[in-house]
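Going by the order they are written in, the chains are A, B, C and D; count residues from 1 in each one.
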Amino acid sequence: MNLTVEIGRLKLKNPVMSASGTFGYAEEFSDFVDLNKLGAIVVKGISIKPMEGNPPPRICETACGMLNSIGLQNVGLKKFLKEKLPYLNKLKTIIIVNILGNSISDYVKLSKTLEDSGIEAVELNVSCPNVKKGGISFGINDKMLAKLISKVRQSAQKITLITKLSPNVSNIPLFAKVAEDSGSDAISLINTIPALAIDIETWKPKLANITGGLSGPAIKPIALRMVWEAAETVKIPVIGIGGIMNAGDAIEFLLAGATAIQVGTGNFVNPGATIDILEGIEDYLKRKSINDIKGIIGGMNGKCTNNNSDN
Amino acid sequence: MNLTVEIGRLKLKNPVMSASGTFGYAEEFSDFVDLNKLGAIVVKGISIKPMEGNPPPRICETACGMLNSIGLQNVGLKKFLKEKLPYLNKLKTIIIVNILGNSISDYVKLSKTLEDSGIEAVELNVSCPNVKKGGISFGINDKMLAKLISKVRQSAQKITLITKLSPNVSNIPLFAKVAEDSGSDAISLINTIPALAIDIETWKPKLANITGGLSGPAIKPIALRMVWEAAETVKIPVIGIGGIMNAGDAIEFLLAGATAIQVGTGNFVNPGATIDILEGIEDYLKRKSINDIKGIIGGMNGKCTNNNSDN
Amino acid sequence: MSKNFRAKVINNFALNPRTFLLEIEPIEETIAPKPGQFYMIQPDSSYDPLLKRPFSYIRKSNGKIQFLCAIKGKGTRLMMNFHSNKIISMLGPFGNGYPIFKSNHISLLIAGGTGIASILSLSNEVQNKYLIYGARTRDELLLLDKIEELGDRFIVCTNDCSYGKKGMVDELLKDFISSHKDNINSIIIYACGPLPMLKAISKISAENNIKGFASLEENMACGFGACLGCAVKTKQGYQRVCKEGPVFPFKEIIW
Amino acid sequence: MSKNFRAKVINNFALNPRTFLLEIEPIEETIAPKPGQFYMIQPDSSYDPLLKRPFSYIRKSNGKIQFLCAIKGKGTRLMMNFHSNKIISMLGPFGNGYPIFKSNHISLLIAGGTGIASILSLSNEVQNKYLIYGARTRDELLLLDKIEELGDRFIVCTNDCSYGKKGMVDELLKDFISSHKDNINSIIIYACGPLPMLKAISKISAENNIKGFASLEENMACGFGACLGCAVKTKQGYQRVCKEGPVFPFKEIIW
C-alpha cells in the first residue's frame, strides 16, 4: 500500500502529522508513539527571542472543544537549535518548524536560519499580530500576507514553505491563492478560531488573556469547509487541520482535498492519536481495496459553488 | 425583579427571544411553551416570493452542533401576512420578522410592507448572496452593508431595525460599527458559520447542498467572543445568539454585553428551552440578589484588547 | 399532558447484535400515540450527540411504550446501553400516522427490516389485513412472536432463503396481487422499510392501480415542524416528514 | 508498560454528597506511581466533556489505584456514576511527586479538603511524620479511617468546630511550630489543598524559615507537558504543573 505524499520537496511516509503547539518538541510523546512512524512532526511555534507566554489560566474546556491562550510561549530560536534540534535530528521523520514573528524581518530571519541549520520545512504561523501595522495579524490582510511570503521565499529558497492560514477571514480561496502566488509550497489550515468563555460565578473570563483560540471537534466542520474551498482553488498541496480525533475525521479531510493532515487537540485526549489515525487510514484503504492514499485525496463528489445560502 | 430590556423602541418583558428559523412561525411551539412569556419571537426568514428551499438531506449532526442547509425555505411575504401573521398578532409578545433578499430593493420592500402591516421590528438576515454583486453576501462587505441598511432605514423609519451580522468576517467591530452608523437600532449575532461534513462511506457531502451553516454549543465560544467585541464597540443594543442551550449560556452572553439573547438550535433539543432559560435567569438573579437584569449586562471583568495572540 | 416528557427505561435487550427492543414508561402524563407516529429519544444528556433521534413506536400498553431500534451510529450505540430505571428525555408523539379507513377493504401491511416497528403499531388497529415482512436473513426477522398470530395471513421472506419464502418483499407483493386479482380494488397498502423497497412497492402499486402509503425517514433536528430539516420532495413541493409525514400516499412522493 | 492505558472500575462510592472514592484496576501493564503524582481520567467517551481530568492517587495496592474525587462540574458528575466493571481510559502517572529526603527530619504533612488524597500517597512513604488535616465541616473530613492510625501525630480541625480543633490549618501550623521550636530546622512541610491555604502556609513557613513543598492545581489539557496549558508563575518563569510540578518548593512559587 502506498501512503506516501509529497509536500513541496518533501516526501512524507504518510499523510499524518502532528499540529504545532500540541506535540511539544516531540520528545513529550516518545512515551506514547513511535515518532519515526509519523509522516512529519510540526513542532511548537518558534520566535527569534524566547517568549514567556500568557498568565494562567491558559486553557479551558468548551462543548466538544477547548480554548487556549498559551501566548506563543517558546524557548526561542537559539535554544531551539541548541537544545531541541539534536533530539529531533535523531528521528527518522520529517521535522517542520512552525515559526512566528511580529514583522516580516522576523520571519525572514527565522526561515533563513532554519534553512541554514538543515531544516527541510517551515510552517508560517501568520495569526500573530504585525506590530508595525498596528497589530493586525498578517493572516487576515491579503496584501501583507503576500509581502510576507514573498520575502521569506526570496531569502530561503530551498526550504519547503508552508503557510498556515487563519480561519478568521471571509474568503479562504483568496488567501489560499495569495499564498500560492507568493511562493508557498503548500498551505495548512486551520489555526484556532478566536473565542471566549466566561465564568458566570466570578464574572471573569475563563482565560486570563480573556480570549483564546478554539480547537477540537467543535471546529471540524468549519475547518473541513475551508480546506475544501482551499483545495478547490489552489494547485499546491493543502494540509488539513481542525478537530481531527480519529481516522474517520482524517479521511474526511483527505476526501475534501487535503494531501495531508495534522492532529492537534486530539493528541491531548489520546496521546496515541496520530498512530491510531495512521493505522485507521490503512485499515480503511484495505477495506475499500484502494492501494494508494492518493486514491482518496479530493475524492468527495461535489463541486465548489461558493453558494452561501445556508439556513 | 425587573427583567425588561429595550431594543430600539421595543420594550421587551425579558431578554429571551427565539432565533429565526428555529421557531417556525411560533405556532409549532405552542404545545411546549407559553409563547406570551417570551421577550420576543423572531420568525423564520421571509423573502418577497416564496422559496422552496434546498433538496434533502438538509441537516446533519456534528460534534456538539448541527449543520443546516434549509435554503431559506419560506412561504413568502404575501402568504406570511395572510396566513401566519393573524396567529402571531394574537400573541402578547413582540414579533420580530427576519427578512432576506437578493438585492437592496428586496429588503426595502419587505421592511416597508411589514412596517405598514403593523410589524414593530425586522431583523435583516444579511448572510444571503447579493445577486447583483456576483453573489457576495451583504454581510461580508462593509460598504454593501452600509448601503443596504441606510436604504432600509430611509424607507421604513418607524420600524425597529435589527441587523443580524454574519460571523464570516475578520473584523466584527467594523461591521458592528457600520450597522450602528447606518441607522440600525440594534445588532444581533451570530448567524450560522459555513461548514461541511462528509460521509466517508459514500464520499458524498452529508448535505445535498454540500455546505451548511454550523449552529449549536460548538459555536458558542466563537459567538460569545464576537458578541463581546461588538458590545465593546457600539452603543446600540447587541443581541447575543449562538449555542445558547441553558440559562448559564444565556448569562454568559449577557455578561459579555448582550442586552438580549436568542435561542436557536436549543429549541430543537429541548422545545421548552426558552422558558427554562428565562426561569433559570430569574433564579440566578435571585441567588445573586440582583433585582434588575441590567445589573449583569456587560458585567464581565475585562477590557477588549483586540489582542490576537492565541495559542 | 405534554409532548416534552421524561420517561423511565423499563426494559432494554438485544434481539440480535444489531437491534434492541426498548421499553419505556413516561413519568409524566403524555398524549396517546396513533399508528405510524413516532417519538424523539435523547441518547445522552451531553451535547455529543446533540439531537434527539426519531423512532416509531411498536405499541403502547399499560402506559408503557415499546421501540425497536437498529444500531446505526453514535446515538443508537448509547441507547443500546440504556439500563433499566434510567431516566431519559423524550418528545412526541409526532407526525401524521397511517390513515385508517372505515370502508370495507383489505389492508396489506408491508414491512422491511426495522420497518416492522411502525407496521406493528398499525397492525393492531386494522381488521381485514395481510402482512408481508422481509429481511435479509432469519436473524434479522424480528418480533415474529408478535406477528405469528396472524397465521396464514402473514407472509415472510428472507433474501438469503434462511426463513420463509426466498426473495424480496416486492416479489411477494407481485404474487399477492396475482392471487387477489378479484378484489384488487379493495387493497390498501401500508409500507415501511428501506427506501429502495418502498420505491419498488410504490411502482408495483402504481402499475396495478392500488392505493398505498409509505412511511418515510429523513434526518430530523426537531421532529415537530420547526426546523424544516426533514423535507422530502412531493408533488406539492417539499413537505416535512415529521409533520405532513412520516406517512405519505405513494402517488405524492417524488422518489 | 504504558502511560496510556485502560482500566476497570472496581469500586465507586459516595463518601458524602459531594465526594466519592473511586478504585480502578489497570487492564494493561502500567508504571508504578510515586507520592504526589497524578493520573488523567477520561469522564466519558463522547467529546463532551472532551479533556481528561487530573486526579492525585491516594494509594496503589494489589494493582488497584484509589482516587478521592470532589464533584465540581461536568466531568466529575459523570465520573460519580462510573459503575463497577466499566472500562475507562486513563493516562499517567505524571508529574514530579513530593521530594523524599533521606536525612533525619520531621515530615509535616498538611492537607485541606480533597488535598488529603495526595498527602496520603506521601504519608505511607515517610517515617517521622505529623499530619494536619482541615476541612470546613465534619462531613468534609474524609478517609479518617486511613489516617487515624497516626494517633496523636494526627491533628485535625474544622472551620465550624464540628470535629477536632476549631479553625484553619494555618492556625494549627502556627501552634505546631510553637510547640516544636527546638527542632524547627528539621521540619519539612508537604502541603496540598486550596490555594488560599497553601498561600497562608507558605507565608508562615517563610517567616519561620521552614522548608516546604506545595502541590498545585491548574487547568490541564494534556497532563504530560505538551500543551503548556498548566503554567504557573515561578521565580524561574512559567513552569508546568504537570511536568515540573505539581509539587513546587514554597519559595519558588510566585503566589
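Just so it is clear, a residue touches a chain if its C-beta (ideal position, glycine included) is under 8 Å from a C-beta of that chain, and two chains touch if they have at least 3 such contacts.
If you're wondering where the values come from, they're calculated on a predicted model, not measured in any experiment.
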item: Distance-maximising chain from subunit B - centres being C-alpha averages; value: D
item: Mean-CA-position distance for subunit D and subunit B (Å); value: 47
item: Inter-chain centre distance, subunit A versus subunit B - centres from mean C-alpha coordinates, in Å; value: 32
item: Subunit B and subunit C: spacing of chain centres that average the CA atoms, whole Å; value: 37
item: Centre-of-Cα separation between subunit D and subunit C, whole angstrom; value: 55
item: Residues of subunit D engaged with two or more neighbouring chains; value: 47-49
item: In subunit B, residues with contacts to at least two other chains; value: 21, 63-65, 68, 70, 216-217
item: Topology of the chain contact graph, where touching chains are joined (line, ring, star, complete, other); value: complete
item: Contacting residues of subunit D [partner subunit A, same complex]; value: 2-4, 42, 47-52, 89, 91, 218-233, 237-238
item: Subunit B residues touching subunit D - in the complex, by the definition given at the top; value: 63-64, 217
item: Subunit C contact footprint on subunit D (complex, rising order); value: 44, 46-49, 74
item: Sites on subunit B touched by subunit C in the complex; value: 21-24, 28-29, 31-32, 44, 52-53, 55-61, 63-66, 68, 70, 73, 216-217, 245, 265, 267-272
item: Sites on subunit A touched by subunit B in the complex; value: 21, 45, 54, 62-65, 67-72, 125, 127-129, 135, 137, 140, 168-171, 191-198, 200, 203-205, 209-214, 216-222, 224-225, 228, 243, 248, 251-252, 255-256, 284, 299-311
